[in-house]
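For reference, the structures are reproduced in the following blocks.
Paired with subunit B in one complex and with subunit C in the other, subunit A is shared by the two complexes that follow.
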Partner chain A sequence: MSLVSIKNLAVAFQTRKGEVNAVRGVSLELERGETLAVVGESGSGKSVTSYALMRILDRGGRIKAGDVTYSGIDLRKATERAMRDIRGREISMIFQNPRSALNPIRKVGDQIANVLVQHRIATRQTAKAKAIEAMEAVRIRDAEQRYSAYPFELSGGMCQRIVIAMALACEPRLLVADEPTTGLDVTTQKTVMDLVADLIKERGLSAILITHDLGLASAYADRVVVMQNGVIVEEGASEMMLVRPHHPYTQKLVAATPRKGAGVRDLLPEEARTPLPDKRPVGAPILQVRRLRKTFGAGANAVEAVKGVSFSIGEGESVGLVGESGCGKSTTSSMVVRLLDPTSGEILFRGDDLATIPASRFTRDKRRGGIQMVFQDATDSLNPRHTSARSIEDPLIRLSTLSRAERAAKVAETAALVGLPEHLLSRFPHQLSGGQKARVGIARAIVLEPQLLILDEPTAALDVSIQALVLNLLVDLQAKLGMSYLFVSHDLGVVRLLTDRVIVMRGGEIVEEGATADVMDRPSHEYTKSLIEAVPQPRMIPAEPLSANAAAG
Partner chain B sequence: MAAPGRLKVIGSRLLQAIPVVIGVIIVTFILTRALPGDPAVYFAGTIADEESIQEVREALGLDKSMPEQFFYYVGDLLRGDLGTSLMTGLPVAEELGRRLPASLELTLVALIISCAVAIPLGILAATRPNSLADHACRVLVTAGVSLPTFFTGLVLIYVFYYVLGWAPPPLGRLDFIFLEPPRVTGFFLIDSVLAGDWETFWGAAKQLVLPAVTLALFTLAPIARMTRAAMLQSLSSDYIRTARAAGLNGRTILYGYAFHNAMLPVVTTLGMVFSFTLGANVLVEKVFAWPGIGSFAVDALVASDYAAVQGFVFVMAILFVALNLAIDILYTLIDPRIGFDAA
Partner chain C sequence: MSDAALTPPRQRGALSHIGYVLRSNPVTMVAFGLLGLILFVGVFGPAIAPYDPLASNAANALQPPSAAHWFGTDNLGRDVFSRVLVATRLDLIISVAAVALSFVIGSVLGALAGYYGGIADKVVSRALDTIMAFPLFVLAMGIVAAMGNTIENIIYATAIINVPFYARVVRAEVNIRRDAGFAQAAKLSGNTDWRVLALHIFPNALPPLMVQVSLNMGWAILNAAGLSFIGLGVRPPTPEWGIMVAEGAQYIVSGEWWLALFPGLALMLAVFTFNLLGDGLRDMVDPRMRT
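What follows is the complex of A and B.
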């Protein structure tokens, strides 16, 4: 008998617009000791399925139909009290964004202790000692001191270890991991996933890994289930899933996942692959940064975020700026885009030193239009009360002398350029999809025809298939408009696809710099190597799984 | 490890209060001078001639230049002298010292009643949105805030004093058959307990019930609403899902996790409600003949009684500063994250 058996599960949410069917007839089996990955993009119902299994659906959600059994127990019929004993004791869960998954104002150790006491694994007297044991089990050093830390005092990776410690404290038999690496740095992602994999093996756990990342799924799971719009579209052994995806949706997902050897066009579905535009030759330097330095705070509390970095970007060149959080890449890009004043150093943009102009004054400077930015979160960076047209028009209103009619024409032209259909121009951000919002963000940035575009993780919040479209759009735009890109990212796969040259930062310094292909294939610095190795390597990833098909077809 | 950070925050908040107090002194001085009406004329009486008005003016020190007057004012303040009320002839400090505890006692008791009702109501409404409890909460809260306090006060007096006869006559803090308890804090409830005089305690409590309930009804709305909103927000957050997934029981989740986090906005609201109630309970004081500072201030304002108005504004401002300070400190106790932001 399998450990978990889900049959024809249907989950619906009561919303203002009526009932929304998030999961529509999903059937799953999980054997003892097996790790199953559930893969899908946002809205596929993968998380909801696991919440239904634990019966912790958000308010308004309910299981409409189907059977859910765990080890022979009918979970749909179990009382709330019985469910409470199963949660944490039999089935545990770890979450994405570990920092917000922990109670912000309670000591992390106490949060673990609460769980231990609840399941009568420990008494109030022994809870602290047991909690420290649980923390040590997930390889937290100085567990005793960490016990009384609050989540905000710990790094994201450490918070995730706490969440894992909490989940495993009562020695459950099934671990559900809901996007456990989202919101963490690449190297942290790897350590966390390796830790989870080790613990699963050590304790002989069964596990369900919920992720949007096919690479991660095939690297860590025995079997993969692909979900789309609340149904399972494909199921199979993880090695086979990447090599021979059968369902068109899986094929699209596999194709859209950035991988070694695949170009930016390879990410698109076959029928959408147009020939890659010719790359313009890189011209004279448009941006030269010299000994740029930024210190936050003063005196004993001063933190040197950027320690005198120098680099340049040529006309029409794409430069990647990579590193983990806290490496100073965002501070550097904020200074270049003149949202932040450097402590010292020069920012030469077409020969003029912009560093001398205070950030507060630069907003009205004529050269403001020359450097524009595309922000990480397309949703948060759009004014929720502005239509798409108004958002795109905004820079024109502030920085150009165009008349109203000319502005409208320019907005329409730019929208066409980024592939935003005209009827979407009158919509508000909440009426747009993630990909459409990303297009609005890009259109707003290029409407002033900047020479330098700074892209701050522009695809981090997007699903892979949307990411593929946006990356291709950026390549096409660069070929058409001849802009230079400074591409800030922690995602090496994406950086490889888009940039000519890459700069690796760590602790406020540049540790390596060079042509992207060279740095990626033959990294010279240890840190770069660790970054590249941290990208999940699927057990068997073909160099170009689909180009063979393309040649055949 | 959080203690030094917190102490630092508390220390810096205390320092920040100093310029505010200085500002308050200057503003109260200028504001009272800017009021229309000449106190000298008012106090000389209707039949006074130019000469006697001038005499009064000199006696009051109003003939001196503004900076000079200010100089004397600050000097007096430093000695704890708020001047003499022209209406009553008593020192303002003494007058306020007697009336402030009356107002504070009323406001505090009202807020305690209000919290005791509003917070459980808000939590209940948040845990069962759109249920009967939620709708009942909404109705009570809307009624409480939309009826003016003098009206609720009069209705309560009519029902509980006139019709039912349960409440004592609404005439001040204590029925005349009782003696005021020996003064320690100025709060009759506390002083009578300290003196072991339970009869006086009950007497004072009975007088207090109706005005306190009147005020409580009025302050119910913001507290209940904020509790509900804050609870809804924290109940839908990620850490509550984690707690549920870990199998914690409902009570721990509701009080240990959700309510603890929801307390921050509730405390903020409480501070705001407290300050506006303290300033705005003039109507209640008038209806119940409560000898508080609100009615005193209104009378002083009408009579152009500089010293009294100045003293009132000054004391209220200091009270507000102290209140905000107390709330900031309460914040640092609830939320460990504070104290690090400032560092």
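What follows is the complex of A and C.
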């Protein structure tokens, strides 16, 4: 008998617009000791399925039909009391954002101890020792000292280990991991996932890994289930899924996953592939950064975020700026885009030193329109009270001399350029999907026709198929408008696709710089090597997985 | 999901959104109905009052409610119903003016403190704490007593004691959005700090502010009536709910309950109405409620 058996599960949510069927007849089986990955994009119902299993659906959500059994127990009929016992003791869950899963004002050790006492694994007297044991089990060094740390004192990866320790503290038999590494750096992602995989093997657990990342799923799971719009479209062994996906949706997902050897056009479905525009030759340097330095704070508390970096970007060139969080790449890009004043150094934009103009004054400078930025989080970067049209128009109102009618025409033209349908222009951000919001953000950044565009992880919050569209859009826009890109990212797969040259930063310094292909294939610095190795290597992921004739592109 | 993208384009104006908010919540509908009634009485009170609210008639004093005098008559023979109706305008003017003043002052102070932080934040926050440290009604009493017993001074006093509430809400709402992506994007679009603050960040604080406004309107009315009740504020014979309750209170023991009850009920109804408005007002100014 399988450990978990879900049959024809249907979950509906009551919303203002009426009933939304989030899951429509899903059936899955999970064997003991098996790791199953549920893969799908946002809105596919993958998380809702697992919440239904744990019976922790949001208010307004209910299981409409189907059976959910866990080792013979009918979970739909179980009392709330019985469910409380099952959660944690039998089934445990790791959530997406480890920081928000931890209580910010309690010591992390106490939080683990609390779980142990609640489930009667430990008594008050033994709780601390057991909690430290649990922390050591997830390979936290100096567990005794870390016991008294608060979540804000720990890194994201360390917080996720605490959450894993909590999830495993009661020795559950089933672990449900909902996007456990989203938002973590690539090297942290690898260590966390390796840890989870080790623990699963060590303790003979069954696991459900919920993720949008097909690469991650195939690297760590035995079997993969692909969901779309609330139904399972494909199911199979993880190796086979990537080599011979059958369902068109899976094929699209596989194709959209950035991988070695694939160009940016290869990410698109075959029918949507247009010839790649000719790359313009890289011109004279448009941006020269010299000995740029930024120190936050003063005196003994001073933190040197950027320690004198120098680089340049040529006209029409795409330069990638990569590194893990805290390496200074965002600080550098903020200074280049003139949102932040450098402590010292020069930012030469077409020969003029912009570093001498304070950021607060530069907003009214006539060169302001020449450097624009696409922000990481499209939702956060759009004013919730402004329609798409108003958001795109804003730079024109402030920095151009166009009349109202001319501005409206320019907005419509730019929207068309980024592939934003006209009827979406009157919508507010919350009425748009993630990909549409990203397009609005890009349209706003290019409406002034800047010469330099800074892209701060523009696809980090997007689904892979949307990411594929946005990346291609960026390539096309660059060819059409001749902009230079500074592409800030920790996602090396994406950087490889989009950039000509790459700069690797660590601890506020540039450790390696060179042509993207050279750096990626023959990294000279140890740190770059570790970054590249940390990218999940799906088992047997081929460069051209679909068919032989896909090479046209 | 992509369902939203497939529906045909539909432009919704502000009016239809207000209509939607009213329809979706019966409590809001009732609250706005009552508000309409109060505003109507405030505007047309003197015109629809059956008697002159100031005309005394000693022969007809202290009459219980009857067909001729719905709310009875007071110790000078004045019609209580007419006085309650006419008093509406004065009480509304005091509370609306006071709330408007504290809204503006509180928003400016809170926005500056929240956006610039540092010294500006310290000065503003400590000044507000100082105000909050007083029992607010006593502070209002002190202000009116010191500055003189006029309607303007009641308004100023009520405004001052309400400023900290607005300033704190705005400070918090502005502070969390100071470094939001859309604020940075606005700077890249050529907006100066002032514009970013006033046009991009501050409007996002409006929904919680509306809840504050509705609660404050109730407090402001109570505060004005309270000041008049203890003899600081509107002077007799001007009809005002607070004075009427105060004057009527002494007659309750002798059985003439209608003098204090009806103005008290009017006061209660007004406070109740304003408190109910909060959720509806918030939903009206929140674009995210539009679907």
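To be clear about the criterion, the second predicted complex is superposed on the first by the 548 of 553 C-alpha atoms of A that agree within 3 Å, B and C clash if a C-alpha of one lies under 4 Å from a C-alpha of the other, contacts with A are read in each partner's own complex, and residues count from 1 in each chain.
To be clear about the criterion, contacts are C-beta pairs under 8 Å (C-beta built on N, C-alpha and C of every residue); 3 or more make two chains touch, one makes a residue touch a chain.
As the structure is a computational prediction, the values presented were derived from the model and not from experiment.
Once both complexes are superposed on subunit A, the partners subunit B and subunit C clash.
Within the superposed three-chain model, A:H119 lies in touch with subunit B and out of touch with subunit C [touch as defined at top].
Contact with neither subunit B nor subunit C is seen for A:L195 once the two complexes are overlaid on the shared chain.
Of the two partner chains, subunit B is the only one touched by A:I56; subunit C is not. Looking at the shared chain after the overlay, A:A408 reaches neither subunit B nor subunit C. Contact with subunit B, but none with subunit C, is seen for A:A101 once the two complexes are overlaid on the shared chain. Looking at the shared chain after the overlay, A:Y150 reaches subunit B, while subunit C stays out of its contact range.
Contact with subunit B, but none with subunit C, is seen for A:M93 once the two complexes are overlaid on the shared chain. In the superposed pair of complexes, A:P395 makes contact with subunit C only, with no contact to subunit B. In the superposed model, A:M166 lies in contact with subunit B only, and not with subunit C.
After superposition on chain A, the stretch of subunit B that runs into subunit C among 40-48, 112-120, 274-282 or 328-336 is 274-282.
In the superposition on the C-alpha atoms of chain A, no part of subunit A is touched by subunit B in one complex and by subunit C in the other.
Subunit C meets subunit A in the complex at residues 1-2, 4-5, 8-9, 11, 180-182, 184-193, 195, 200, 203-204, 287-288, 290-291. On the subunit A side of its complex with subunit C, the touching residues are 16-17, 20, 43, 229, 337, 339, 359-360, 363-364, 368-369, 372-373, 375-377, 380-385, 394-395, 397-399, 421-424, 426, 428, 430-431, 433, 436, 441, 444-445.
Interface residues of subunit A facing subunit B in the complex, by the touch rule stated above, are 54, 56, 58-59, 83-89, 92-93, 95, 97, 100-106, 114-115, 118-119, 148-150, 152-153, 163, 166-167, 170, 301. The residues of subunit B lying in touch with subunit A in their complex are 1-2, 129, 236-239, 241-249, 252, 256-257, 260-261, 334-337, 340, 343.
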